[in-house]
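I've put the structures underneath this note.
Two complexes, one shared chain (subunit A), two partners (subunit B, subunit C).
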Partner chain A sequence: MRLKFPKRLISIISILLSGVLLAEAGRRLAVWHVNHQTGRNDLQFVSCHHCHLVRKEWLPWTRKKPPHASPADIVASLDSRHIYVAMHEMDEVWEIDLSSRQVKRKTSVPGRPTALALDSANRFLYVACRGTDRVTAISLDTFKPGEWAEVGVEPVALAACQTPSGPRLIVANQGSDDISVLSLNPLREICRPIAGRQPSAVVCAPDGSQAWIANRLAIPTKPIGYDRMMQVHSCEITVLEPAQGRILRRTQLQSAHLSEGAAYYPENQWALVPFVKVQNLVPITQVAQGWVMSSGLAVETAAGSVIQIPLDEANNYYADPSGIAVDAVNHRAFIVSGGSDAITVVDLDKLSKWLEQAGEQQREQAIEDLSLSGEYVTCRIPTARNPKRLALTPDNSLLLVAERLNDTILIIDTRSCQPLGRIVLGDGGLKDPIRRGERVFTDARYTFQNQFSCRSCHPDGHVDGLSYDFDSDGIGDNLVDNRSLLGVAFSGPFKWTGKNPSLEVQCGPRFAKVLMRTDPIPPSQLKDLTSYLKSLSPARVVAQKGPLTPAQERGRQIFFATHTPDGTPIPLYNRCSTCHRPPLYSNRLMANVGSRGPRDSTDYFDTPHLLGIGASAPYLHDGRAATLEELWTVYNTNDVHGVSSYMNKIQLNDLIEFLKTL
Partner chain B sequence: MKTKLFVALIACCIPWLSPKATAATAPAPSPHNPSRPKLPFPIIERFENFGIADGMPSHKIHCVLVTHDGTLLVGTAKGLLIRENGKFRKLGTEHGLSHQIVLCLAEDQRNGDIWIGTMRGLNRYSAGRINSYFQTTSGLPNNIIYGVALFGDTLWVATAAGCGVLDLKTGSWKIYDHTNSQMHEPWVYSVAAANDRIFVGVWGSGILEYEPLRGVFKEYRDPDGDFHFDLVPDDGPVNDITAWLSWSDGLL
Partner chain C sequence: MTQTPVFQSRTKGTPDELDKLYPQGSRIILIAPPYSADEAIVLSDGLQAAGAPVVSWDGRKVYFTGKTLNAKEWQIYEANLKGGRPRPVTSMPGGAMQPAILGDGRLIFSSPVPSTKTNFQSKVPQLFVQTPGKKPQQITFGSMGATDPTVLPDGRILFVGLRASGEGVGLYTVNNDGTEITAFACLHDQPQRLSRPRCLDARQVGFISATVAGQPERVLMSRPFLSRAKLWPELINIRCRSVEPDTGGGILASITMKTSNPASDLKTYAIYHLDSQTASLPRYLFFDDPLWHDVEAVQLASRPTPKGHMSTVTPEKNSGLILCLDANRTDDTQQSTPARSIRIQTTPVPGKNGKPVEIRLEEDGSFFIKVPANQPLNFEALDENGQVLRRCPSITWVRPGENRGCIGCHEPHNRIPRNHRALALENPPVEIPDATTPPKPLAMDER
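Now for the complex of A and B:
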């Protein structure tokens, strides 16, 4: 018996030892494999998932999402009897009878119908189809789509008006930063002038003399480097003459962005544009002191001057203002807050009086005084989840609000500002975790004093084009580029420092304490949120609609090149495809590409995926490169970020053409 | 002078480019001046001079352009001048122009945007906003812009390192130079848009004609090779130097 026990012990120890030795051998083999495949000797064991076991077709965003009866836009018929609703997820437009609140007719309009406009004769309904880059005319007699015209990329808003040269349709093309001006008979594009960045809303003066286009993102004005990063950005209101499509002026909204609505107040000849005032250049810890992002309303007067006024209260914010409608009879403006589920009602007479008595300095500093909203904000009307667009009936009696993530339309009596009921379009999609996650994503209640939602920095899950001082070095004064959430699934670790291994950690309790300065998102909602984030597909690729063009193919060969054209081998660690490995075009490892800035504490930053890279400027971890070209012409003069010094300008252009197809 | 002569000679060699005046009917008296026969081209009867005293920052003028609405634009060595209400307004680097030396101008008549080529970068002037394109920040071949011309939805740019073509709808760039076209040298000094084709003036390559439908270049060289500059002794003559060209209503 005494001999048996040691034998068994010895065999157990032997097995364990063999296991340990085997594991160590496996680890060494894995490290050797990693080093061999990346050409780097500084890497230790990394998970196989960094390069293997990920296929594009396995990614969550490749699966078809269940469509919901989500209203993207509303417009009321001239007789105020019907409303038309763009159901963007269902590729349909619905006609609803206002008295019975019943859907009367439906028609299929492929391509994500996103915005609607009626012609002055009430004969045609024009639909902006964001997915197909078209405007389609629906005859109101037959309620069938007929004539269509190609416009710029991703049309998201449109408005019709009558001009001396005939009727016009003004279309905001968010994806190509331009404006399509169309004639209606026939439906044809006349011209396509450039807008600001991401034009998102259009309104025309009733006489057709001017159209205002609100642009969502700010435009950097300084061309290169830290100077550009550190400047206060401004977004643009583009003012256009609809008859010929000439740009009349470009009004700048200082320190503002996310302008997603526009309305006209004929009494004072004001154009009204809601916006978000963002303070991204000071450490983000100030959330605790309030006022990182606040909502405002820009008033452009007939003389072309602009006054920015606040819409928030000192301790309560109304995040993500978007749609706006003006009741010209009762002199009120209604502004929806998509993040706070409320409508802010502004008394335009009171606002006018305040502006008349205010001195020039008071007007200039108005946006800084959050107590000012009490002067002209008369009430806040609560809504269901995520109101986005709204419309008034032509007789100004009813206000209709598209509650996008509730699948309902709220009807409000404009005189009393009281809700009269809802038109139910769908079930709200609460059984769908992705839909529930989007409700969390767009909700400002998870931040201190409702200052902002996830969407405030990531409109549509994408980027807002700004760099933020995220206090990542512990002392502030260090900007990091805002990263897109589109195509984010399986691209971890997250943050530029790669500190967060999963989206659950990224959006979890620590994030709440650092940024949101409030209680963490509850676990079940956090799970929904990450489901939503993982469902976001990469930014739409505009550059490639078929096979690669010759230039794109040449660029592909450069991307995957192992040798320079003269036969010199490119070291493994310095090839594009080593770090930016398909299908995500990232090996998800930290890398030193020589981008360390004067305030950075490390040389190593997360390797971003490249899906949709053409639409996510600026670039590098702190956003110092405004264009893809700058990555190599300005910031890679020593071949640290890939070997690029052999490229001539044609080759560099080819490479960029290929990158835009990813 | 020799270069202009060469361009004129080439124009005469191409039948469809030859001046229509040769086949025109007999001149009739001008309505403004009955004693003068009507000519198939305008007669300039009055000259007005603008100088430093009129608000011009420099005597050195590189280009002029009259826009569709009659506004006079003048590219000078010290910025772009815009004549408004009888006065010149200067647009310089302090307003965002990439360089003070303005070499060439073109108007996009569909939207009124002005393209401004300078010694350092290309600029788009649109309702007060200037967007600048550089060789380091965009697909522009080179920062020295000798010529600009609009052709449909494309902008052709003559630069010191090839001819760049910007697709105004997609924002993508193409470059034509001595490595991928008939150009013998990369220096493109001029570009002009005709109704259905583009003419490119290249140092050492005469005139290149680009047909967009076929995507091909056609080369026009000095027919007898007699026209040349002998710049460097014992280095051989340099032929076919096109420094400037222009197209208007069938005339190159």
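Now for the complex of A and C:
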């Protein structure tokens, strides 16, 4: 008996078969295309968007963000009646009357005004503009910007003082790792000595004899070698003499970093610098007992010795300490904790007493004792979101706190340490998901006992320059370099192993289990967090100028070269531009660049994007390369990570100059 | 609150520890403003005895320990807030007591209930966590007893560690999955009979320095090992059964007092509302029914939910890792010679110890071991000649897949680790054998 199949069924089967055959043909074509374009034959199907369909103008960070009335810095007038506020997102500086709490005057200061300093005569207000690499002087009479001077890259802090050689302005240039010393009248740069890494705060002694510059990031203590990242780091307090800009000393804070504030206590001639003590070499098996990090205060004495004391408690932490102000009359220091929304009040007399009776070993080990802060911390004052900078009125009666992500300034009565009210600058920006996301990013309450926030390891979304040992991939194994979040949009997958396909997965429940050790970030807040991360634009290490310099252009040609200078073809798989393909300068694929170390369990690592790479030291998956130069001079002697053996020193420098422009 | 009879009748059968606390007739009542004894609703209707009420964080559920007329064992019950019979939520062999509630609503309790002739050798009370409707999971495994759990705002469980004699070894914390057992306070203090620890506010943990009634004391969260003191030093000649926080920042305390005026002596326990920081005199008498001892008053209201904790337990694994950064970092100020090795032994069952393993310390004092999960671990620090310098009793364990770090050995409390890469990490962990696993038979070529 002959079976008859319905015609419709036959056509359906034919269509399905054709589809399967077409899909398979398409897959094979895609695999051939990828292998042909990369010169690699180990890749299977790769989604088109790894190399195509990404345009720079589509990236969220290229779009203008809505500005918020966020206060970046505050100074009080000499008569304690006014305050001046740097509104960095609005490109303005505001003058506010303290008694009425009303804005009296505003002036436009383009270029992200970030820090303020008043001259001693109360005639000019000096503004550091982070976006334009300038310091601008505002006349307090007219409240208009007047003369300006170019300084280093990304000035973020400044302080004024009077010296025997005349008035000086000391400026911390975070992007270029140096300090601008300016004379006033006229405003001009005298010199630019080298600082530590990312200078972030400045304070001058009242007599102008010394200035202390706190540097945020750690510097490698051992320059070369695989075990470089296993050495204890330190960050620097640069001390200079303001009159001539001469460096007096470079004090090292052992096993400390993220110093973002500085103050001077004349009674004891102490320089006070808050910092974070991070235990990056200890496997992160837990968070309790200050296992990952804790906050402290460095006391540099007149003799030049440094004692580190804890600010945290045994069962609660005050993450991301930054601004500090000293009430010299009542012998107190106020330190803000941006991650825990609090101000810690330290009784400097009690601290002094404790230090006097403590033996040498006790002083050395003071920072390790989480129960010690009870000896000198008198109270903690709660604030609104992300207090960052603070200022005391010259009569010491009021403490003013810039609540950066709340768009307010908190006013505190220093006698009672009680809040008196707030100056409302804006609406808080809670309708903006990027602003909401930044609040999540800087909030330590998402971690166990508020020990740290996302920002604690990624200050301003960037790197902290350290390598870490997460226990989830083996204790003591697979150390990983901290990666920058700047320019991270569209650059997935994430983690050096490429395991996490999206930011939502990267920051989701797994992260809560491995690092936060508490509940995962709730879904709506996770969404806001990823919006914020995608809005972060790449770091900048060079001054914003016009076209590429000759050295940068030569470097660009080396980067995109298909042949060495003698005409030898560079294999497709080994060209810089194959794996580091514009616009992200990454094809976001796993690659073997010969960087596997003795404690690694894989040869393949995610190809990082190169945007802002000049500011992201150290390098390679475990951070063993301290500089870009070391990538090729120390760790690529066999031409596995691109062909570099032909390059002489000048060519290598040119390549690095180009990379710094990305 | 719990009300216990003023005149106690003899308990049938062999009394246990809870029979002393909650003799026959003890009951749980619910009172609403104006807090009149006549309008009390009995929540433990039908039970022979009941006590230790706790309220869920949303203020909607009440759990307590109770015993029916015919049952020999105490179990945990959920109250019917509209009145009526409570329903049992546990059926633990040996009984269950002292419930507490995690932020996600899961129940914690201690089991079994010790007898008055405390014999911890046979069955040490441990903590269990139970999801409603599911089987309870044991989360503590030390040789000391784990009782009186409460939940801290950071999500950890705070409990009293007990010796076999019933004396407390101190206050400990553990995560809700049994990981990170850590000393919290009062380890080396006297007197050592502690009970009913409670987080009174963000600053302090209160407790009773006795197993039944004694002095209310506190430790500060900021420095728990250095701050043990009387909660209200001004109050003298009082005996206290319980302290509980209220949502207004005060404390509900069950107190009986002696004053210079015998006419005003309280013969029974009553509930007072006091300030959390000072009390020259009781602020006000909150509730007193002279026919009963009024104890364990807990406010029926919602409170801030404690944080959670993503479990790091991997049930498929049967071991965990311990890294000690420096065994010579110790609070033993008498130590004159450094330790050169550590001897480790598992004690899965009392009286049946595992084979001790001695490990040489690295130059920096570190060691790295892989140990069987869910078994108490004994540690002894030995000098160059093998003499024991100090011992850590078997109060520590790891959970399956747990990675645990220690700062030292008998480490000083509340210290952060020193930032360095331990030398012990250069080699794989030394494996400590599981005493409960029979040894593998030798292969032919090994015989």
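Heads up, the rule we're going with is that the second predicted complex is superposed on the first by the 646 of 662 C-alpha atoms of A that agree within 3 Å, B and C clash if a C-alpha of one lies under 4 Å from a C-alpha of the other, contacts with A are read in each partner's own complex, and residues count from 1 in each chain.
We adopt the following convention: a residue touches a chain if its C-beta (ideal position, glycine included) is under 8 Å from a C-beta of that chain, and two chains touch if they have at least 3 such contacts.
Given the structure is predicted, the values throughout are model-derived calculations rather than measurements.
Overlay on subunit A: subunit B and subunit C fit together in the combined arrangement.
In the superposed model, A:P493 lies in contact with neither subunit B nor subunit C.
Of the two partner chains placed around the shared chain by superposition, neither subunit B nor subunit C is touched by A:P583. Judged by the touch definition given at the top, the superposed model places A:V634 against subunit B, while subunit C stays out of reach.
Of the two partner chains placed around the shared chain by superposition, subunit C is the only one that A:G374 touches, whereas subunit B remains out of contact.
Across the overlaid complexes, the C-alpha centre of subunit A sees subunit B and subunit C at an angle of 130°, to the nearest 10. Contacts of A:A314 after superposition: subunit C is touched, whereas subunit B is not reached. In the superposition on chain A, A:G597 makes contact with neither subunit B nor subunit C.
No C-alpha atom of subunit B lies closer than 21 Å to any C-alpha atom of subunit C in the overlay.
Shared interface residues of subunit A, touching subunit B in one complex and subunit C in the other, do not exist.
The touching residues of subunit A, counted against subunit B in their complex, run 152, 176, 190-194, 221, 223-224, 236, 238, 245-250, 542-543, 551, 626-627, 629-630, 633-634, 648-650, 652-653, 656-657, 660. Here subunit B touches subunit A in the complex through residues 96, 110-113, 124, 126-129, 131-132, 134-139, 141-142, 161-162, 169-170, 172-175, 177, 179-180, going by the rule given at the top. Within the complex, the subunit C residues that touch subunit A are 154-155, 180, 182, 220-227, 307-312, 321, 323, 325, 368, 403-405, 407, 412-422, 425-426, 429. The residues of subunit A lying in touch with subunit C in their complex are 230, 232, 255, 277-283, 285-286, 288-291, 294, 313-316, 367-371, 373-374, 448-449, 469, 471, 475-476, 509, 512-513, 516-520.
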